[in-house]
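Look for chain A in each of the two complexes below; its partner is chain B in the first and chain C in the second.
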Partner chain A sequence: MSNLFNWNPDRSKYPLMKEDGSLDVDLSSQKFTKLWVGPNHPGVTGNMAVEITVSGDEIVHAKTHVGYLHRGFEKLIERRLFIQGFPTCIRMCVAEPDYNEYLLSKSIEDLSGIEIPEMAEWLRTLVLEMARLQSLLRTVPGQGGTFSLGLGVQWGMYLRDLILDRFEELTGGRIYHMYILPGGVRGLLPDGFKERLEENLQLIDEFIIKIKKLMFDNAVFKKRAIGVGVIKKEWVDQFGIVGPNARSVGISRDIRKDYSYLKYQELDFEPPTATDGDIFARSTVRYRELIQTVDLIRQIMAKMPEKGDIKSPTPNVLHWKIPKGETYTRSESSRGEYGMYYVTDGSDKPRRINLRGPSYNHAMTLLEHMLVNANISDVHAIMVSLQTCPPEIER
Partner chain B sequence: MKNLIERLHIKYSLTDIVNQRDNFVYLTIRKENAIDLVTYLKDYEGFSHFVLLSCVDWIEDGKFQLSYFLNQPNKKFDIAIRTMIDRENAEMQSSHHLWKHIETYQRELREMYGINFPKNPRIEENFILEGWDEIPPMRREFDTKRYSEKTFFPREGRKTYDPATYMKDKLYPNAPITAKVNKKDE
Partner chain C sequence: MGKLKDILSPFTAWGGVIKDPVTIKNPIGRPAAPRYRGFHKNEVDVCIGCGSCEAICENEAIDLVPVEGIKAKDGDSGLRPMVDYGRCCWCALCVDVCTTGSLTLSDEYTWVSENADEFRYIPGLDKKDWDKNENGWKKPEPNYEFYSLDRVKMPELHAQERGQSFIEFITGYSKQQAELEADRCVECGICTSACPAHMGIPEYIKAIRNNDLEEGLRILYETNPLPEICGRICTHKCESVCTMGHKGDPISIRWLKRYIADQNPSEKYKEILNAENLVDNGKKIAIIGAGPAGLSTAYYLKLMGYQCTIFEKLPEAGGMMRYGIPEYRLPYDQIDKDVNYILSLGVEIKYNVNIGTDITLEDLGKDFDAVFAGTGLHLGRSTRVPGSDNKNVYFATDLLREISLGQEVPLTEKIVVIGGGNVAMDITRSLARLQNIKYGKVDILATCLESEDIMPADREEVVEAREELAIVDPGWGPKEIETENEKIKGLHVVKCLSVFDENKAFNPKFDEENKKFFVADMIVESIGQGMDLSYLSDEFKENLRFSNRGRIEVDDYFQSGIDWLFVGGDIIQGSDVIHGIANGHKAAIGIDNFLMKK
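Moving on, here comes the complex of A and B:
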């Protein structure tokens, strides 16, 4: 199918190469123009910029610039008590802050030898899937938005707001929740929560049907997305590609399946995959993940117990010291493997914390590589299709 | 995997082996052999996914700890290779030729810790900081508070108060300066 719409011309002779293989870009020759895409551009996925050199409408060189958002979170956490790291850590990724909470709690529990109650595991699984759902409700129609299909984005944002309402009801916060803490979670589900969430999921079911007609059956969307921004299978390991971007080339890697954590082994699901590796394939994978996430939330609500312990005892958080050690914990966010390297030195503060966000590789090395030979009008589509999130690059 | 670790131990004279989980092991190795070991694991043992390159500053020992996290996707196994390098003139052999994204990790470590990776073609490019003339900011001796006090002078109109006095004045403006003392207590 991809060959049908593959209208990209062969530009392999442009630009001229020097003998050593480097680019021969002479801006004074009037053949090339240098442009900045971002940081203030509505199509850019957050606070980053891509410096591109174009020949006509074709990109010959691209370089990602970050640093517009650097707040030194990792450094700040090194100077704070373990519990004080939470408000800082969750802000490392705005799109899905719950994964930060989970990884930070899991790292502290690993190093302190704390096991959490079963009910807390179920609630954590539910919250992480709700976080995935609200993220996908932005990303799936957002891909259409890069091709001027703004309607789907508005539907998605409305439904995402309903999920944020549920978050507010459960945790008190809409974006940043601080619901997952070392030892467990902060509270049980409020009365009638499941029913209200189910009402929202039914609306999302309708959205799933409508968005298919709007995007995936749309000739314009297909024409713009098929055969554009192709990831080759051999790049997956070379560039450290993870998550839906890797699954779109047929490599079925999912931390929830491969390194099962929380209650995922009790849930019935298979990570969706595609084969073409283009924007359309990545959108399809995310669309099917959206359907799957709704199903997973229903499975969790059906299987989880009504009541139970939600928190294991932990030391006094103001005097908590953790023995010297280090751990790497990981989870599957909507963008792929989300990991945290956590080192302690026996004091009451962490020695080092390093977040491994999927965008680190996707938005830097991979994007720079993919944009070469792409058309200038596809820059934002490719960027959004990789689901890049700059805050996790410059923690 | 136990066989693999034993083989690696003999071949590369590992200085420490720590099993964190069933499918996760930390190997500590001398600086000279670290990249050889990473290359061997990639080329011969199927550790095709490079997860993370990180650094820990052990300032009290005068060392940086570099940690290379490798993943074996088929057998779902992880190895973290740790090696110590001197903090003074910190330098490590580059491994950018093994995976494309290592180049970015090394650029970050150069900027944040001042570790040099010679032969990485992009090592001199700015990553996050531009025009930075202080010591690398992720080093332990870099004091963020002192830096911000030095760089960002207090804005006009912003005053600082002693919280106890401020709240007392705000909540109980008419309270007597000294509390009355009961005669019994005298």
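Moving on, here comes the complex of A and C:
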């Protein structure tokens, strides 16, 4: 039993990677097998495939394949008016569309020198935290799901649905909110919104206790998660690891603190961290972030004004031209730093936009590295623990 | 113990078996939230088919299509949006940008049909179950606009300052102001169809936004060779139908036109308009009257290669624009700028020539290949109430002409003007200025049959007249001018209850009990203008067709019953500069067609 929770097997038995990065694997030797995990696999977090080479049940090489989901959103936005970008950009990450809206709007506002009203800032902060909440309600129990613990996922999905109800009330849409637009937001809180959201938050409070008992105080979960998929501290800068993945190795990186935006300076919070860097540590960080997000939403609702302007005047959106310039805007999504590089050339369309999504580093380079010497049954767990969102890799 | 807890605690989840599944608590099929972005609705009677929804749709899911079954109204393109749900993403930008507020989304979100074509439909006309749904996405209120609803205020001199002289009091937009105002346009083009000359209004407004004023001038001259003049005094029918006027102020189209013309120096006109080497086809056209219609005809005929000679009765060109509109609204140097450009192309004007006495129309018909007559409405009309034959009762048109000619104008300390149109306001404000200069005070009153809300004068004219201390007292019918020893004592009026009858015919009704007396020692009548067709001999009159109202009947290209005689301008369409310009342009095409066939 003493070994049960400190199980850290030696996975370095197959040092088959040559110095130049090529793999010395002879498939005809019958010692190795090539397998595809995904793209259509229930355990994969989207249309993404991992090509793995296994020896027995241990992975000796992994290669991420993307391209199944490419829709060219960056180029689509570059061919549309500034206002037309915001209903398009949300699809770059379906799980948390609001960060896309925020970054696009903020970029346009920065480049045209527009300041948004205070009420709109509060509403944006609220919506971004609600987006984080609904994302975490799926991700936190979702980690259990990768170990076949499906019950927590169902609880989480129900509560996420309640938050989507609130989004529907506030924004008119459940998934694609299209609420944050250049210049402000598209509506005040409906009557009774705060009370209904508070009722939902109380249910989430109960969920927080229940999921701890179900998942984090669970011997099986611990056995599968502790010591598996470890991120080393030196990898953080090497691979550009951000967000909870970086915080799980003790590096407190959070755009909300480091480059505070919207109303985060007026909110009292400290990003949670852990030190072990394994799946369990990352799950714990996200779990504590879930608790913190509920608290942040309560703080926002208490501090935000009741009424106020929701939008600053903008030029006529049908022929809005923005002077030549470029900007990089960033925000802290539930997966980490989510940034947008936005270039304008004085015309009525953006010259170039580029989304900096955390999944690109996490799922393309880091995952390939982490999977070497991992057990085949841990592929999905590791992928989910990095909170990969393939749509955001392929804009 | 901790490890035992890790084995036991997951079993707490068994507590859930005694609870109902959440899908029972929240069954599928509930109504959507009040703000839900569901299927489209459109109030087709309110919609004007401006096409802003089509322009903003990022998926090209909306097409403006011609429809049947709607009642055409002024300022309506006759098109309505058709939505394609194979493309729509329900972002509701179309709702937020809608200039009339007719387009909304319902809260309905399920629609099943085996026929895929059904999902392309015209909201409001193709009846749907959700047409009556109250809930659904509407444009957020207030202070949520995709464009500015307020027009950029035109800088002008203060009433006290402008009332002392005939100096132009509208000072014109700066570059920044013009670009801000031009930015408001949604390029629907409804103005173009309302403009008699069908000017490319959205295009020249776009040229202002692009700061390409030379291109703007080229667009202006395509349909209007008098932009400086029209930019100041046009009756702006375009602004009356401007789609921005539904929720806010219409765009200052007239002032934007003036901005383009003002900013282009006259010496560069020829180069900008590429009019340096015009061809000459050897044919000669005579034009009677150097007013808007005559100048416009001459300009477009000259571009086609004709030699044009204009015969003008008065000493300078411009017609009613110079001799009917006061200088403070339309300075003479601006008329000269437009006229001189037309003259620089080779058009000739013979001044002080009276057709009928100096040269006859027959002679013109013989000497020239075709003749265009745009002789205008220069005669005044009398109310014919008792006392109106007094020598101190004047016609506004006569006084305005005398002011323009620099002649001494009769003036007294107490004046009453009868009339509620723009000409009445012009004479009121002109005489008020003269009173100010001569007596240091204003004592002039304008009265008319129409009540304040249906006064034919432009609203700003009435407001500005009052700012300049003239009294405007509408809603009274003149009854009698009281005189004593040939001197005017004043005007008796009775309350006018209505001006038009049920058939919209002029048939004023009065309340004879409700009387008023306006003290005055001079009265000016300004109740309309008449035409002087004395240059037409009896022989001509026999060959021409006349309408019931005494106007010469012409075809679509202003050709009269005598094939070489074209007639246009105020004598055909009533007094209006832009109509005159449009007539002139069309008559030029008509003359060209006529002579090409000959």
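The rule is short, and it goes like this: the second predicted complex is superposed on the first by the 376 of 395 C-alpha atoms of A that agree within 3 Å, B and C clash if a C-alpha of one lies under 4 Å from a C-alpha of the other, contacts with A are read in each partner's own complex, and residues count from 1 in each chain.
Simple rule for what comes next: a residue touches a chain if its C-beta (ideal position, glycine included) is under 8 Å from a C-beta of that chain, and two chains touch if they have at least 3 such contacts.
What you are looking at is a predicted structure, and each value in this text was computed from that prediction instead of being measured.
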After the superposition on A, what does A:Q238 contact: first (chain B), second (chain C), both or neither? first
For A:Y341 in the superposed arrangement: first (chain B), second (chain C), both or neither? first
Partner chain(s) touched by A:L267 [first = chain B, second = chain C, both, neither]: neither
Which partner does A:A219 reach: the first (chain B), the second (chain C), both, or neither? second
Is A:L164 contacted by the first partner chain B, the second partner chain C, both or neither? neither
When the two structures are laid over each other on chain A, which of chain B and chain C touches more residues of chain A? C
Counting only touches as set out at the top, which of chain B and chain C does A:V372 meet: first, second, both, neither? neither
In the superposed arrangement, does A:V317 touch chain B (first), chain C (second), both or neither? second
Footprint intersection on chain A (chain B / chain C) at none
Can you list the chain C residues touching chain A in their complex? 3, 5-7, 9-10, 12-13, 16, 22, 26, 32-37, 52, 55-56, 58, 89-93, 96-97, 105, 137, 140, 143-148, 183-187, 206, 209
In their complex, what parts of chain A are in touch with chain B? 66-67, 70, 72, 74-76, 78-79, 237-240, 253, 258-259, 326-328, 337, 339, 341, 343, 351-352, 354, 356, 360-361, 364-366, 369, 394
Within their complex, chain A touches chain C through residues 1, 4-5, 80-81, 83-88, 151, 158, 161, 165, 168-173, 176, 178, 184, 186-188, 190, 210, 213-215, 217-220, 222, 309-311, 313-319
Chain A partner, complex, touching residues on chain B are 20, 23-24, 26, 48-52, 54-57, 67, 69, 73, 76, 78, 80, 99-101, 103-104, 126-130, 137-138, 140, 142, 144
